[in-house]
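In what comes next, chain A is part of two complexes: it sits with chain B in the first one and with chain C in the second one.
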Partner chain A sequence: MQKYLAIIKMQVINNIAYPGDFLGRSISIGIFLFIFAGLWGTTFRIAGTDSINGLTFANMMWYLMMAETIELGRPRTNRIISEQVKNGEVAYILNKPYNFLLYHFSFGLGDSLLRVGMNIVVGLLVAWLLAGPPPSLLGWGMALVTLVGAWILHFCMMALIGLAAFLVEETNSFELIYQKFVFVLGGMLLPLDMFPEWLQGVARALPFPYMMYTPARLFVKPDVELFWQMLGIQWLWVAALVFLLAIAYRGSEKVLTVNGG
Partner chain B sequence: MAVDMKTIQFLIALWKANLQAAMEFRSAFLTQVIFMMINNGAYFMFWVLYFDKFKVVQGWTLQDMMLLYGIAATAWGTAAYFFGHFTTLAEVITQGRLDYYLSLPKPVLLHVLASRSIGSGMGDIIYGIGSFIISGYLTADGVLRFVLAVFTGVCIFISFLTIIQSLSFWLGNTVALSQIALSAVLTFSLYPSALFNTSTKFVLLTIIPAALIGSVPAEFVRAFTWQSLLQISIGAFVFLILAVTVFHSGLRKYESGSAIQVEV
Partner chain C sequence: MTSIEVHSLHKVFQTKRKAAGLGASTRALFKPEYSEVEAVRKLSFQMESGELLGFIGPNGAGKSTTIKILTGILHPTDGDAKVLGYVPWKERQKLAFHIGTVFGQRPQLWYHLPAIDTFTLFGKIYELDDREIKKRIDFLTEAFEIRDLLETPVRKLSLGQRMRCEVAASLLHRPKLILLDEPSIGLDVVAKQHIRDAIRRMNQEEGVGVLLTSHDAGDLEALCKRVIIINHGQIVYEDKVSNLKRKHLTSKLVEVRYAQEVPANFHLNGVEILKVGRYGVKLRFDTNQTPVDKVMAHLSSVGDLVDITISDPPLEEVIAKIYREAAK
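Entry: the complex of A and B
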């Protein structure tokens, strides 16, 4: 456990080493929120209503703030694994006294912690300016609890895509498609509440809403019953994807070929 | 004129070489193209869902958004496929990789920009043209306006990012700043400027010229007006002149790192 904590700490320090770059990346969330404020401000004004499908303008902005925070702070594990497989560095990682997947889990977590924290700070300031005060403490609590499962789901998907490099080498395209599934079916660009009924059904049968919609929706509209229900399904998906990842990793080890030294 | 023809021939030779390099990894290239098309289509699903609910917003319909995406994607794809270094110019400058280009008797900026090709750009081009075709604006004069709109869009995309990245000559590493500029101009270009207030619209027509790549060209293709024609033409011309001037001013400040570089 100590060694994994050390990896997390090392990655946090690595990020702090370049504060300008680190701060610069957090500005993106401000740009996105500004655009969404224009889009949804106009939409609500034209619709002539305070609430669309149960969500107000403020709800929408804080929902999008949380969703963007998750998207911009999710691990990029696939790119690292893919690069390590391509340049042969994977051979040096595999013979170290730690578990390959837990190493990447810790590495990704160290990377995400600061990014999520910084995006929350910048997002909070911008969203507050554009839409008024943030949701209640209960909303923050439910969002933080479900963020844990959401992050693990993201990690599992990213690692699965990264492991595909053992077979196909180039995995960027898979990430792009995965990202768009999360954008649309995960409810990042549009909350599931705005979807037609049939599409809501399709989305809820997949893991994507539990990576994005669940924390963001509970953040703006905390509901105890919905919280337990979503948390339960979210962790069922976590169990399923962790199992799948373990199988995929074992398979990848078997097809690994390291040439030279 | 003879010099211009030589430059064009040089550009064509570079593009041929880039294509040949891409064909060495044919399946990877095709995968990038196909996945980029799927990626754009999946992203556009947001607007399908949005307009399914709201139908018309500030005079914009789903068909108009298809047109806007068509122009922006084709412009981005063309810039990325034919002038791929326009997103990584800051890295070339800060890593001292301009040495190679400076040692050859060719226009430096053009040579750097065109010496890289982003394969997925071809996916954007195909998607963009497809999106334009199904948008319902496919008429003879509509095609001409679309081509002009894409051309000015390519000029503005490349020029804007060249200006921002040329700041590396004075400020050192501006990779993070360049990424923010890229993210801002690309994201804003995919939204109608009618959604924003007057001061934001002014910013989108000048400092971050995203409206000149998406909204204004889309309005120009929807219905010809001298105002929109002048906006995109003058915008492209001014940004192009600025980009060339800023890059060459910066080039005088360029210091080689003496590192051994290999350009393939």
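Entry: the complex of A and C
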């Protein structure tokens, strides 16, 4: 266990090796929120209403703040695995006494911890400025709890895509497709509440809403019953994807060919 | 005791083949063609514990593939291998505690952080306690003369400095065996010397076995007691380095300078004259065919000798000759 904590710590240190770059990246959430504020401000004005499908302008802004925090802070495991397969560095990762997937889990977590933290800080300041005070403490609590499962789901998806690199090396296109699913069906661009019923049904049958919509929705409109329901389904998806990942890893390990051999 | 046993190891890679141009690329999309490359062919050898074994071969000979199979990263197509009693591709993690690896062309140190951070991380990964990690780092920094480099971000180190840190990092967990894949690639003479000295020291003091691949004959000469030369995935030569020299370093290069002018018709049977200058001669001969004393006697009979240099041809030439002979 200690070794995985050490990897998380190392990656945190690695992230602050270039403070300028780190701060620069943290600002992007602020820029996105400014753009969204303009878009949604206009939408609400033109619609001449205070609330669309139960969500106010302030709800929208805090929803997007949480969704962007997740999107900008999620692990990039597939890119790291692809890179390591392409440049052959994977040889060093594979011949150390740790579990390959737990290594990447820790690496990704170390990466995300700081980014999510900074995104929350910058996002909080900017969203407060644009939309007034943040949601209740209950909302924060539910968001943070469901954030854990959301992060693990993202990790599993990214790692699954990353393992494809053992076969095809380059996985960027898969990530783009995945990202679009999360954007639309995960409720990243629009909360699912804005969708027609049938599309909401489709989305809810897939893991994507539990990666993005769940924490963001509970953040702005905390609801105890919904919380337990979503948390339960979220962790069922976690169990399913972890299982799938373990199988995929077993299969892909054998086909790996280290470049430059 | 044996530390590596390899028997009939075989590895075939499938590579996609595609002719040039758009048409061929489109066809390859629908009907990809593969060709098989036999990277390692029925390779068998043994290595004793604590041995310094050189694994020499030209690019693409199968050296790295063999090392990757022996560390458990690649699964062989066929054949058996045991490293320190483990079957590498089945017990990779258990084996990892006892071996160290350096792939000369790839960094394992975290690029943006000082080497000391990676050392500490590796200590944790290999499950050493904090006191042991500190003691080990102290020892290695002294052995590899890297004390002043430890706190500099790795990206700011020169290649030679970095490689010393890389090799030191691979020894952190007191492995019984280290596999060095081209550790001296791209290094200057001084940096090579540094690395070789440190490796030799670790071998003598800690009994670490060293399997070293290189296409630099200098590494072999300076470090290894025994050598295996492979080409096209097969062993073409296997013997002690001293025997390799004795059997194959039979030709001598001689350069002589005289006090007087050298006669224009300078000639000696069984000796190849490479160059005749006004006051000097350069020649080569094979000691098996022409006795050394005969050559020396003739050279001194020509005039008053001012200077003489006798040297062996570079080991590289010898190895190249072995490759050529194997190819025939």
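Operating definition for what follows: the second predicted complex is superposed on the first by the 257 of 261 C-alpha atoms of A that agree within 3 Å, B and C clash if a C-alpha of one lies under 4 Å from a C-alpha of the other, contacts with A are read in each partner's own complex, and residues count from 1 in each chain.
The rule is simple: contacts are C-beta pairs under 8 Å (C-beta built on N, C-alpha and C of every residue); 3 or more make two chains touch, one makes a residue touch a chain.
What you see is a predicted model; the values in this text were computed from it and never measured.
When both complexes are superposed on chain A, chain B and chain C fit side by side without a clash. Rounded to the nearest 10, the angle made at the CA centre of chain A by the CA centres of chain B and chain C in the overlaid structures is 80 degrees. Looking at the shared chain after the overlay, A:89 reaches chain C, while chain B stays out of its contact range. In the superposed model, A:31 makes contact with chain B only, not with chain C. In the superposition on chain A, A:183 makes contact with chain B only, not with chain C. In the superposition on chain A, contact of A:195 is made with chain B only, not with chain C.
In the superposed model, A:17 lies in contact with chain C only, and not with chain B.
Judged by the touch definition given at the top, the superposed model places A:7 against chain C, while chain B stays out of reach. When the two structures are aligned on the shared chain, A:54 is found in touch with neither chain B nor chain C. With both structures placed on the common chain, the touch criterion links A:170 to chain B but leaves chain C unconnected. With chain A used as the common frame, the shortest Cα distance separating chain B from chain C works out to 5 Å. No residue of chain A lies at the contact with chain B in one complex and also at the contact with chain C in the other.
Every residue of chain B that touches chain A in the complex is listed here, in rising order: 28, 31-32, 35-36, 38-39, 42-43, 45-46, 49-50, 52-54, 57-58, 175-177, 179-180, 183-184, 187-188, 191, 194-197, 200.
Chain contact summary for the complex, chain C toward chain A: residues 13, 39, 64-65, 68, 71-75, 92-94, 96-97, 99, 101, 103, 105-108, 110, 112-113, 117-118, 120-122, 124-127, 153.
Within the complex formed with chain C, the chain A residues making contact are 2-3, 5-7, 10, 13-14, 17-18, 87-92, 94-99, 254, 256-258, 260-261.
The residues of chain A lying in touch with chain B in their complex are 20-21, 24-25, 27-28, 31-32, 34-35, 38-39, 41-43, 46-47, 170, 172-174, 176-177, 180-181, 183-184, 189-190, 194-196, 199.
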